[in-house]
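Each of the next two complexes has subunit A plus one more chain, namely subunit B in the first and subunit C in the second.
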Partner chain A sequence: MRSTRALPSKGKILSSDLILEVKDLQTVFITEEGVVKGCNGVSYSLKKGETLAVVGESGSGKSVTAMSILRLIPEPPGKIVGGQILFDGIDLVQATEKQMRKIRGNQIAMIFQEPMTSLNPVLTVGRQIGESLQLHQPELGKAATRARVIELLELVGIPSAEQRINEFPHQLSGGMKQRVMIAMALACNPRVLIADEPTSALDVTIQAQILNLIRKLQQQLGMSVIMITHDLAVVAETADSVAVMYGGRIVEYGSVDEIFHQAKHPYLEGLKRSMPRLDVEEEELYTIEGMVPNPLKLPSGCPFRPRCPQVMDRCCEEPPAISFSETHYARCWLYAEGGTDA
Partner chain B sequence: MPESCVLKVEDLQVYFPVKKGVLKRTVGHVKAVDGVSFELRRGETFGLVGESGCGKTTTGKAIVRLEPSFGGKIFCQGREITHLSPLEMLPLRSCMQMIFQDPYSSLNPRMTIADIIAEPIRFHRPEADVSAEVVEYMEMAGLRKEYLLRYPHEFSGGQRQRIGIARALACKPQIIIADEPVSALDVSIQSQIINLMKTLQRELGLSYLFIAHDLSVVKHISDRVGVMYLGSLVEVCETGELYRKPLHPYTKALFASVPIPDPRKRSEKVPLQGEIPSPLNAPPGCKFQTRCPHATDRCRSEAPKLECAGEEHQVACHYWRDIQE
Partner chain C sequence: MLRFVLIFNVVLLLWFVGEAKTNTDTIVSYGIFLLLTVLLGVMQLVMSRRRKQREDDIRTAWDLMWRKLRRNKSAMAGMWVVTALCYVAILAPFLVPVDPYNMDWGAMSLGPTAGHWLGTDEMGRDTLARTIYATRVAMGIGLLAVVLNSLLGTSLGLLAGYYGGKTDNIIMRLLEFWNSIPFILLAIALMAALGSGLFNLVLVVSLTGILEFARIIRGDSQLLKKADYVNAARVMGIPNRQILRRHILPNCLAPIIVMATLRIGETILTIAGLSFLGLGVQPPMPSLGSMLANGQQFLYENIYMSIVPGSVILLIVLAFNLFGDGLRDALDSRITQ
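Coming up: the complex of A and B.
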């Protein structure tokens, strides 16, 4: 059904442009010390061709959400206990393992943070990329698979692809390995690409190359991208919409311009001010006091409460999501009077 | 060497031999650091930036003699330390301390915080009142004294980095070599550590050699910056001027690659193609020639030396005058 050309066949497009919808997702990890709410009521939606950035610090639940979409949460200790993930009319939370195997790597693909450890060191690059092709498109012959792998390597900008196909991961540099990971993810023309910190392990000049490559491929192939990152600058460069996560929840959600120019949540505001910047002169950096919260001991109500400079008594209660525009909301009591409850 | 200069490096070379065959003969060298010269002045922060594999960490390690140098000279407070024996180095060790990148692996997991900080005090100043000093250094680094008897695993990354800083301070150093001290930390914690380091510098008159790959962080903390590429310094400059007016084509490309946290300033261009070559077979002439848009035959044969381009500005490029728009 799916085409083997570099450009994807049109396929089925949902009536609206929505491709993926996460609704009130709850994933927990049951550990000896207690239950960790890895992601606690996360909702977001992804349109066709859109880039959604999920930004947060370590332990904020950004990767857990992505892993839940692909149902890659190790079970036990992890478990999706609530919510829906709607993709193509199927609820991925309820999907069988057999259904998931058809989606994983085929319709939704993922690139991981560390290209050094996510490639198999004893298989050639060509074999690893070909693997998902053979799994999802067994009708392709050996020669056709090889031709497609070379085409993919050229697509991601690897020079002399004909030779590279026979090389092993250790013969490639970090940037090249990440390109191979991208080629692998693109092998079956996925409709959604989840990129989990795709450039955090790379140098800035290589980071610029890889971000540009993802952007170019997205336009060329019409994919939607979920970009998971801790780096607000990467968000500013790539995203259309942004979800800011803290303590397993989305604390603010909006278009990239709203997030950077009309930030509402004190956490996002603090995060932006504590970043040293190349384009602005500053004397002393702003600091958010305290530590990134221990996910085992999240406070009641707003998770940012213990570090928030504008904390109030009401923050012990669950903060409501206040809408500022059709696309923009923040979960904070500060705006409770003026805004409308969503 | 002028009074104000606490550390001076002259033409430092660190080569690692490449051995092959049954007899393990040396068949070549990886020139990790190849002719680096700079000085660190009293109370200033000198930032060393560059991409991975450019030799910035090796430079730091060679200065504290954790890595043997192949050639060149290192002066610490006017005294040459390049060839001192480990025993002769001992008294100087308290003068130069290092803070490491990974706060998870640089603290002994079986020692309490008190022991970790007390160890250098007991060693260098056995006559001191150890327990009082430990508390003093913990407070200096922003750690509560209730943490005294806890173990490193009970702390978060930012707090562990504070322990590493307290341990370094306990030697009463004048020079601190900080190797990527904040790159393993979350953004909100990063700024806490940077501000702590700046405060300590003001109060104790410390000199920092600040090694990092993050240009924004280096800009924020440094007085002067050296940019490294493939084992050599390509540009050394006072921070403000370097970020306003970089001269070397590599520095320019490096700055242009840094994403700006503002979607209204988004750019689509990729400033630098290709990758850093392997230091095992570095290109002849200027090391940047394989990726430089301005490279000529002269660059391919003759290596440029650092030359003055201003009062506090040196650049290693044959054509820095010609390529300014």
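Coming up: the complex of A and C.
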């Protein structure tokens, strides 16, 4: 199923279809204890209609990167200190707040992890979806906005949308709320949808529904999606390409097949091994030794060094990005000239 | 329940229609009462329409609040007294047996009699009539002052909490500075500088106590600005002003209502205190505080002159406090079970 869907788009994608390009993005948080590098030289690109999955543990910088794209890093303490985010010929890092407001919600939309708390409890569903519509398309009248909201609710699969439009969030279930969130995000036909762990807070059955819905809408509307997740199953289900993040940087980047079948970085291997499997009888689930490093005290060189089973002396130095194919690279000394030292 | 209130209002309206032509005072009162009744009618209409729309029995937060409030007996008692006081205040010209300014030289400093139910003061003015008018003045000033007070306090608190940083520092430090001036001193100075009039009185009372309002709303807006739905709104590109108005303010409404209710009682007490000192409402306009001050001189001759306004102050403050406390319990989700 994955290949049938991923292949046609891959054939079509040309470099001119690039819609969003993040280049060497550096976001820091200046705290009293020191400077935290929330995202340290992250680069990725998103083509039209593509789904990019950003995978990593909590605190690996996935969400920081996404919030940097929308320029919604709380400032202070956060600050984008370097790099470029190219969208539509504009560098979003340099864009004015006014330009950003026109892009947020209109061109780049986002859905969040917690549908339970992401809807304002005192506004009806209809008003909440209509809010961004009225903002970005003020030429739409009241009746047209209402019609569009109903259309959106139907699009995301909410039954009897005519009535639901007048309901308050507490009258909806979790899955329904996430659908409303998606409807809100889609209101202005954005070109990029950032989904920040859209299914983590939902039941497994609802998860599949929501993922299917996002995929269906993506094809229908020709959006590009950045899927932020820590769940490799979600990645396998939805992504075209994958960026694996650790300690604020991308440690491996590749197409979904390359990531799943030719994983290079020891961290990614560990991640894949720690996925529970039904077909193999295991005494105990595999875990990666150690903890996510304290972002204040990242080790020198490769951030995964203290937990890596294949650690070498050279890992204290900044690892190079080694390309394996046009789309696939990993940042690890294991594959560098000379291979394993020792 | 709203329906009964509505019927009651219409009956009163019909009853007083004949008397409403005599002077401007009655015409204004009648007009206000008419407006209120129409407002209630519209409210009833909207509510019944909404209820029809939602045939399924899903309750809104307000329904739950109302249910909790109804179970609280003292709060309900407070609410009824407050409602009655509002009626008295609005309908005062129709309720007084005689003109409160009218001096009856033949009946000076009396106890309760058939002609003057609660007696008269040293100039022969009817105590009941004066108390009713004083209640009207107190409620009016109290309400107006609290409206101004909460508008100012809420907007400053919202701004300070939402923008934080420098804005927060400037607003809060200025308010703290303002608050550090002793109230009575400030009141005396302001009344001396501005002159004693009803409007100045409202201004003085409403400018004090902004700090407490602002502090609580600031805390709430600090908390709410981190809420996921505010984040979501920001992601949609919604400008700060609209986020404040549509997302943060409506979610602070509960504490605003509670605090405003509690403050009305407090403000009425403050005004009575100022009037007692001669700084508030000026004679001959009746006010609870000055009636009390006046009665103090005649405690041995005619105790009713002090007891009546004193008990009315007690009643008003008690009723507002009970109602406000009940509202707080009903609206505060943290205290819930």
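Observations on the model:
Everything below uses one rule, namely that the second predicted complex is superposed on the first by the 317 of 342 C-alpha atoms of A that agree within 3 Å, B and C clash if a C-alpha of one lies under 4 Å from a C-alpha of the other, contacts with A are read in each partner's own complex, and residues count from 1 in each chain.
What we mean here is this: contacts are C-beta pairs under 8 Å (C-beta built on N, C-alpha and C of every residue); 3 or more make two chains touch, one makes a residue touch a chain.
Remember, it's a predicted structure, so these values are computed and weren't measured experimentally.
With the C-alpha superposition on subunit A as described, subunit C and subunit B fit side by side in the combined arrangement. Touch criterion met: A:Val256 reaches subunit B, while subunit C stays clear of it.
In the superposed pair of complexes, A:Leu20 makes contact with neither subunit B nor subunit C. Residue by residue along subunit A, subunit B and subunit C are tallied for touches, and B comes out ahead. Using the contact criterion defined above for the overlaid structures, shared-chain residue A:Met227 touches neither subunit B nor subunit C, since it reaches no partner. Between subunit B and subunit C, the shortest distance over C-alpha atoms in the superposed arrangement works out to 5 Å. Shared interface residues of subunit A, touching subunit B in one complex and subunit C in the other, do not exist. In the complex of the two chains, the subunit C residues touching subunit A come out as 53-54, 58, 60-61, 165, 227-229, 231-239, 242, 246-247, 250-251, 253. The part of subunit A that touches subunit B in the complex is made up of residues 57-58, 173-176, 203-209, 211-212, 215, 230-237, 239, 256-257, 260-261, 270-272, 274-279, 282, 284-289, 291-292.
Interface residues of subunit B, counted against subunit A in their complex, comprise 51-52, 156, 158-159, 186-192, 194-195, 198, 213-217, 219-220, 243, 253-255, 257-266, 268, 270-273, 275-276.
If you check the complex, the residues on subunit A that touch subunit C are 70, 72, 76, 100-106, 109-110, 112, 114, 117-123, 131-132, 135-136, 166-168, 170-171, 181, 184.
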